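Below: one structure, written as structure tokens.
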Amino acid sequence: MDPTLVPGNSLVTATPEEGRQLAIKMARLIIKATQPDETVREKLRDVYANGASMLLQVGHIVALEFATIAAANRYWRT
Amino acid sequence: MDPTLVPGNSLVTATPEEGRQLAIKMARLIIKATQPDETVREKLRDVYANGASMLLQVGHIVALEFATIAAANRYWRT
Amino acid sequence: MDPTLVPGNSLVTATPEEGRQLAIKMARLIIKATQPDETVREKLRDVYANGASMLLQVGHIVALEFATIAAANRYWRT
Amino acid sequence: MDPTLVPGNSLVTATPEEGRQLAIKMARLIIKATQPDETVREKLRDVYANGASMLLQVGHIVALEFATIAAANRYWRT
Amino acid sequence: MDPTLVPGNSLVTATPEEGRQLAIKMARLIIKATQPDETVREKLRDVYANGASMLLQVGHIVALEFATIAAANRYWRT
Amino acid sequence: MDPTLVPGNSLVTATPEEGRQLAIKMARLIIKATQPDETVREKLRDVYANGASMLLQVGHIVALEFATIAAANRYWRT
């Protein structure tokens, strides 16, 4: 079965930029699991993108997901 | 007695995907413990799935539960 | 004097399930310390259990308390 | 000068119970620093103690302060 | 391809001040990724800057992003 | 250039009390960076200091900033 909540089924990424992209995806996939109806989600996406407080809530969640991914990657320290 | 708050009574999972599933379940089981009435919860599930801010709140909690599960699994580093 | 904020005055529990129960209790005991009047709390409990956003706020706090308890127990790794 | 934000100017406590009490005090002292007028705070205390969402917000902050205090005390592991 | 979510594609900064600037930028770039329309964002920026609760939400997110960046830099301890 | 986001450009403080003061200042400086107009900020300060939920939001952010500062100082353990 393909993973549906964690793309690639791994928290490891090559760079912080990719870690950030993964954080965005993981946040979205939880929304998708909670509301599987694409039509409803499409409508809500509009709400997220246009409400000031909504956008901040999205930013908040991505920050949290990224904190976990960054720790998993030992902060990409070289 | 079967555990009712942590399925399997363990935070250890084989993969990040399963860790994410556990995070969703653990979040739901707290809601269930706080509101044991299935009929009420059923109604609220609709509210969660259709409100933009609600969905984000769900995503927020899952992110937090997952942070703990990921640390418990040392981020599934191989 | 009996502890009134941390049952057993310890964060150590035998299992994740018990850790989760402790998280719920610790969250409740802060509410109790802030609003000692049992009659008021009884009324508010109804509000928590029936409001969708309220239930999520409860879930949020339990997730935070549990993160601390899980770290205290080194995630019950065996 | 006496410390006004951290009683005893230390995060170390003998027990989790005392750590929890410190968390409550530290949360209150920030409110006091932001709103020094005792009369206004007295009125707001009523709001906190009687609003369901307010009480949860208080519980949320105490959980966060406690996480820091618990880490400072290495979780009072014996 | 230039990174669009993490300037410089690194969490490492020379000082806390620069870490803080990075936190602000990373928070903004998530908003930008969620709402790519510059005209809409421009309008929302007004909302953020003039609403008391909005400003606090911004501060909240920056605090979270900064926590990750600070850990990545081992807190710039010398 | 003088640092405008982290006073002293360091997270290290002598005591928890000073760490707490730094947390308050860092939280304020983000607000200032987001809303540079002193007149607007002055008005909002009134809102923060008199709204129950606002005050709790301030307390919340300070708790988060302090968690980072406390870790940076290894919790001032002696």
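Just so it is clear, A, B, C, D, E and F label the chains in written order, and each chain counts residues from 1 on its own.
Definition applied: contacts are C-beta pairs under 8 Å (C-beta built on N, C-alpha and C of every residue); 3 or more make two chains touch, one makes a residue touch a chain.
Quick caveat, the model's predicted, so the values are computed rather than measured.
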Count of contact steps on the shortest path from chain E to chain F: 1
List every chain that touches both chain B and chain D. C
How many degrees of rotation bring the Cα atoms of chain C onto the matching Cα atoms of chain E, given to the nearest 5? 180
Please report how many Å separate the Cα centroid of chain A from that of chain C, as a whole number. 28
Whole-Å gap separating chain A and chain D, where each centre is the average of the chain's CA atoms: 32
Return the distance between the CA-based centres of chain D and chain F, expressed in whole Å. 16
Touching two or more other chains - residue numbers and ranges from chain A: 48, 53, 57-58, 60, 64, 67, 71
Is the chain-to-chain touch network here best called a line, a ring, a star, complete, or other? ring
Start at chain E, step over to chain F, and keep going round the ring; give me the chains in the order you meet them. E, F, D, C, B, A
Note which residues of chain C are touching chain B in the complex, please. 15-17, 19-21, 24, 48-50, 52-53, 55-60, 62-64, 66-67, 70-71, 75-77
Chain A to chain B touching residues, read off their complex: 3-6, 9-12, 26-27, 30-31, 33-35, 37, 40, 44, 47-48, 51, 53-54, 57-58, 60-61, 64-65, 67-68, 71-72
